[in-house]
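Each of the two complexes below includes subunit A, the first together with subunit B, the second together with subunit C.
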Partner chain A sequence: MSEQKTSKELLNELLETHYDNAMKVQSEGKLLAWCTSISPQELLETMDIYAVYPENHAAAIGARKQAPDFINYSESNGYSSDLCSYARVNLAYMDILQSEAGNIPRPDLIFCCSNICNTVLKWYENISKELNIPLIVFDTPFNHQYEVNDQCTQYIKGQLLEAIGKLEQITGRKFDHDRFREVMKISSETSKWWKKASLEAAAKPSPLNGFELFNYMAAIVCARGTVAGRDLYKLWYEELRDKAAKGLGPWKDEDEKYRVMWDGIACWPYLGLTYKTLKKYGINMVTSTYPDSWYIVYDVDDLDGMARCYSSNYVNRNLSFGADNIVDIVNKFSLDGIVFHSNRSCKLMDFRQFEIQRQVEARTGVPSIIFDGDQTDPRAFNPSQFENRIQALVEMMESRR
Partner chain B sequence: MNGINDKINELKAISQNPGQSVAQAIKDTGKKAVGCFPIYTPDEVVYALGLLPVGMWGGPSKGNKSSKYLQTFCCSIMKANTEQALGGDYDMLSAVIVTSFCDTLKCIIEDWKIAVPHLNIVPIVYPQNRKSNSGKTYFKAELKRVADELAEITDTSYTDESLAAAVDLYDEYRRTLQDFVKSVAEKPGLITPLERHHVVKAGYFIDKKDYVPKVKALTEDIRAAEVPSDRQGLNPIVISGIIGEPDGLLEVFDECGFTVVGDDLAQESRQFRTIAPNVGDGFDRMVERIAMQDGCAFLYDEEKRRGRMIVDLAKETGAVGVIFNQLKFCDPEEFDWPLVKKEFNAAELPYLYIETEQQMDSLEQVRTSIQTFGELL
Partner chain C sequence: MPERAYMGIDIGSSSSKAVIIDRDAAIRGEHIINLGTGSRGPADAIAKAFEQAGITKVDRTVATGYGRILFKEADKQITEISCHARGVKQLVPTAETVVDIGGQDAKVIRVKPDGRVENFVMNDKCAAGTGRFLEVMSRVLGVGIDQLSELADKGKPGVNISSTCTVFAESEVISQLSSGSSIEDVALGAHRSIAERIVGLAGRVGIEDDVVMTGGVALNDSVVQAVEDVSGHKITRLKDPQGMGAFGAALYARDLDN
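What follows is the complex of A and B.
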């Protein structure tokens, strides 16, 4: 009997297999889709269409510090430097098709859900036109009301049904509703384990160093509808639960002094630097707004529920929800502070951030800082500004003790 | 020519003094005014409720009140709107319809609810899958929701008849503007690019019922006039982008020997180039019109027709080139440019790309680019 693998080993294996298979499936006659990170992959999994995620891939390229090569290429083609850097990386990768961070092949179709931003609509509209391939758009209207209203739910459900028809047309195969039920069930289970694992960070000290959350996120994006994904997050949960039961913190060599959340996407090219800077001051980033983003849980066969879930991630909801959500996180995770990433790539997160910060601070008294950065473009981040802001946060957190 | 000048000056005065024009229109019509954000709003619904739709496309306003809500890399129209809202410029409005065509606008909806609640923010979300059955059903429900919310806020009501009449009036307005820009292209050089812009823009600040006859009369005069000899031989061009502002920009066009014979601007032709088909009730006609509104950066277009449409427009109007005026920090337009450029290259249509903000201290760099473009042509 072989020794049981750790979740970290499983994660690495899963990602490696994910990218290896991506390069093979088309030669085996399978179709491959490029998808946005929170799209209804259940439909693709059911139709046996292989899904890859350009946002994941762009993040990996960013983390390998290779983004500038791609960004320069896109900008020389006329893409503005003010546009989302994931898009600039991916629109270049579409032509270059070679990166040190692993490769994905050109897609046969695109699966784009606007619940994360309108930017993806434009980005994928361009790829669809350039590669002359079908694009299936799931439009999830921005929820300016607190909940997803009925007309939006019916619209999204209608699009799910229309997409099934389009996929049948593209593949020439009937949609298998039994298989769909199975995938829906697995997808919801994976989401539950992902959330359960991330909630273990509420323990004091937290067994989780939140930068691991950024790493584990890659698989919740690309393996949510698979048994391997579900088992990975179940194992991760068990590991964290056991660690918490033993009272173990995030680091072996350091105690957790302050607990913060990170609002927004990571600065992938500076992942190590931001991690080390926080750790230097004993700050553990215990959570972020990510755990809830992939908490897509609904009853099997409940298409209304599925439609609502895909529109309910926090960036697609109003500011009142955004503020309530962070206040809830502050309380649940006993936070000492908040680090807001003013991410040059993400106007949808940025232009509500000042007001959210004011509301959360007024309601919780927890101090916070905002720093300038970008998810993959290294030019927008300044290490000394970051450290200065973190020092200011430490002072504020300390004065509240 | 005097008749033309008088008519243009009247419309220009309306366009250049929005606050005053709207206050006057409120007084003249006895209607309450409702602010309407870019890019599209259901103005017909506003009109059917007996209200006055007013365009809100930024302005010359500069200041730093908006920095309480927005980072520096926000587009200048949204910064100006926010600045003006916080400064009380919009207090004459009974409600404001805020749209969600881009990520910035989604945030503006939320920020404004907090920052200026007295303006009664009514958000609207247009569907991106606007041609499918699910999209059309959704959009009709959304239009009704907005109509009901506005009715409640302003204590007004609409009927099927008042909506049908409003859609008819807006069709007439759109046909009138189509005819006006056509007449300008038929007489290149007769009126300046800035005059053309103000004639179109004036329609945002007065009742369409009063505006349409003015434009019709002007169009007739343009058709009857001759282009003076010193205004002949200018380079006819098409302009694309969000807006033809600041005013100084279009003055530079004129100074460098360009005349605008067609546009693909969000604030101008995109508002009126598509007419509602005659199907179903007033809401259905509005829904079908948006389903037909192609080539716009803010509405998902699976065939990405925009570049082709601008090339065709240039051919139809006899334009020798295109100036693509990129509003800085406008993502949807920025995403369109690389593909639009490819279409221009394929059609061997000369073009100039400039990047501007609505409020600019200096246009010298832009002037140099435009001058050079003129020399190349």
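What follows is the complex of A and C.
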């Protein structure tokens, strides 16, 4: 009997299969959709439409340090350098169709949810126009009130129902409600294991080095509605739970001296550098805003709940929620500091960063720094400026002990 | 010759500063060279400071500034944010806010009573509001950077440099000059522009008296005056604002000996 695989091995296999299958399914008569990272994939899974995620793919291209090829292509095509770098990478990829980070074929339809971003609407609309393929949009209005209100819930639910009709039209098949229930159940379970695993990082020392969270995120995006995804996160949770029970920290060769969270998207081209810089000072990034982003949990058959969940992402919630959310993370994970990534690509995330920083510091007394960077464009990051701010954070954390 | 000697070396982007102090924190040697990281600046500054102090070795060294990581001879590396705060607090115990404008950075630092950093804000990667901005301006105006203050003293207010981007500001100044503004008025406008940028940045951590300015740009009295005008706070002037990072580093070096 072969030994049981680790979650890391399962993760790598899952991602490899994800990209391999993406290149095959269309020749087998399946449709393939390009989707935003937190979209109601349940509908696609139910209709047996293969979902791939350009944001995930662009991040992988960034991590392989290949983004400049795509970014330059898009910019010479007339896209502004002020535009999101995921968009610039993906809009170029749509033409180039070849990357070192795995390939995805051109889509048959577009599945776009505005809960994480406003740029996606125009980005995906462009793809839909250029390729002349159907575009299904889920408009999740920004929540100016603390909770998602009933009107918004009904509005989004209406769009879910409409999308089902459109998918029936596109595929020429009836929507299978039994299968839908099954997928809803699996999706919620996967989300629960993902969150449960990431919560293990609350242990001191944390068994999790948060940069692993960035790696594991790839599969919560693309395999949330699958049994393989659910089993992966359950196993990951068990591994972290066991590690925490043994009192093991994030690294074998170093103790966890400081615990911080990372606000915003990773700097994919500098993943190794940012990780090593933090580790050099004994800083473990134990968590980020990611664990909650894919905590999409609702009861089977509860379309209202599903609609509310898809609108609940923290970037789609008001300032009070944004501040409460981080204060809660600071307390839950016993943090010593916060690293805010002022991400040139993401105006939506950066817009209120200064104010959130001010409020969180006033309420928790935890020091923080903001550094400039970008999720995929390497030109917007400077290693020595990053280290300078990180070391200053260490000096502030030290003086508050 | 001092019994024990401690050195702070501040290796910046455009200058190197070395300060040697004794057990009582009295400065025994100091030298500043306008050559920064990656040049012979640090070695020369150290040699001159040693010479002035009449010593050949120090007991402890702390390095700060952008070149600190590469300066392997140091016992410890500490950011210039902490070092400026520490240096200022030693000389001005009532200081609560430090405005430090160096070659490529502009920072506003809130200082705790013990001289440690409470909080700080820094410019982003953009050079607006930094010494580099003044270097570009002095080149366009055809004067040395050390003459800018005197030049601006003769200027009249009214020239407004609105671009925050240094490159755009350069073109803006060129067009101001071609449309007849005097170099004196433009120099004053450039100083006002830096002051507005730094006071805008300061809003994020708040300015509390006493306010002290450090860094090379604080040598320009017209900029200091502009920061006073824009912020409405009186600025405490130091005799040697540029050496404050190295002085703070030397104080931290002395701590290592205790």
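The rule is short, and it goes like this: the second predicted complex is superposed on the first by the 401 of 401 C-alpha atoms of A that agree within 3 Å, B and C clash if a C-alpha of one lies under 4 Å from a C-alpha of the other, contacts with A are read in each partner's own complex, and residues count from 1 in each chain.
Convention: contacts are C-beta pairs under 8 Å (C-beta built on N, C-alpha and C of every residue); 3 or more make two chains touch, one makes a residue touch a chain.
Note that the structure is predicted; figures quoted are calculated from it, not measured.
Undergrad: Check whether A:361 is in contact with subunit B, with subunit C, with both or with neither, and answer first, second, both or neither.
TA: Only subunit C; A:361 stays clear of subunit B.
Undergrad: Scan A:399 for contacts with subunit B and subunit C and give back first, second, both or neither.
TA: The second partner, subunit C, only.
Undergrad: Could you say whether A:342 touches subunit B, subunit C, both of them, or neither, answering first, second, both or neither?
TA: A:342 sits against subunit B and subunit C alike.
Undergrad: After superposition on the shared chain, which partner residues are touched by A:163: those of subunit B (first), subunit C (second), both, or neither?
TA: In the superposed model, A:163 contacts neither subunit B nor subunit C.
Undergrad: When both complexes are superposed, which of subunit B and subunit C contacts more residues belonging to subunit A?
TA: Tallying touched residues of subunit A, the top partner is B.
Undergrad: For A:118 in the superposed arrangement: first (subunit B), second (subunit C), both or neither?
TA: Touch partner of A:118: subunit B, not subunit C.
Undergrad: Please indicate which partner A:391 is in contact with in the superposed arrangement: first for subunit B, second for subunit C, both, or neither.
TA: After superposing on A, A:391 lies in contact with subunit C but is clear of subunit B.
Undergrad: Looking at A:382, would you say it contacts subunit B, subunit C, both, or neither? Reply first, second, both or neither.
TA: second
Undergrad: Thinking of the overlay built on chain A, is A:202 touched by subunit B (first), by subunit C (second), by both, or by neither?
TA: Once the two structures are laid over each other on A, A:202 reaches no partner at all.
Undergrad: Going by the contact definition given at the top, which residues of subunit A touch subunit B in one complex and subunit C in the other?
TA: Shared contact residues on subunit A (touching subunit B in one complex, subunit C in the other): 342, 354.
Undergrad: List the residues on subunit A that touch subunit B in their complex, please.
TA: These residues of subunit A touch subunit B: 77-80, 82-84, 87, 114, 117-119, 121-123, 125-126, 128-130, 135, 137, 139, 141-142, 144, 151-152, 154-155, 157-159, 161-162, 318-319, 342, 344, 346-348, 350-355.
Undergrad: Can you name the residues of subunit A that touch subunit C in the complex?
TA: 342, 354, 358, 361, 367, 372, 380, 382, 384-385, 387-389, 391-392, 395-396, 399
Undergrad: In the complex, go through subunit C and note every residue touching subunit A.
TA: 66, 69, 77-79, 81-82, 112, 114, 116-120, 122, 124-125, 204
Undergrad: Tell me, which parts of subunit B touch subunit A in their complex?
TA: 68-71, 73-74, 100-104, 106-111, 113-114, 123, 125, 127-129, 132-135, 137-138, 141-142, 145, 297, 300-304, 326, 328-329, 331-332, 334-339, 341, 353
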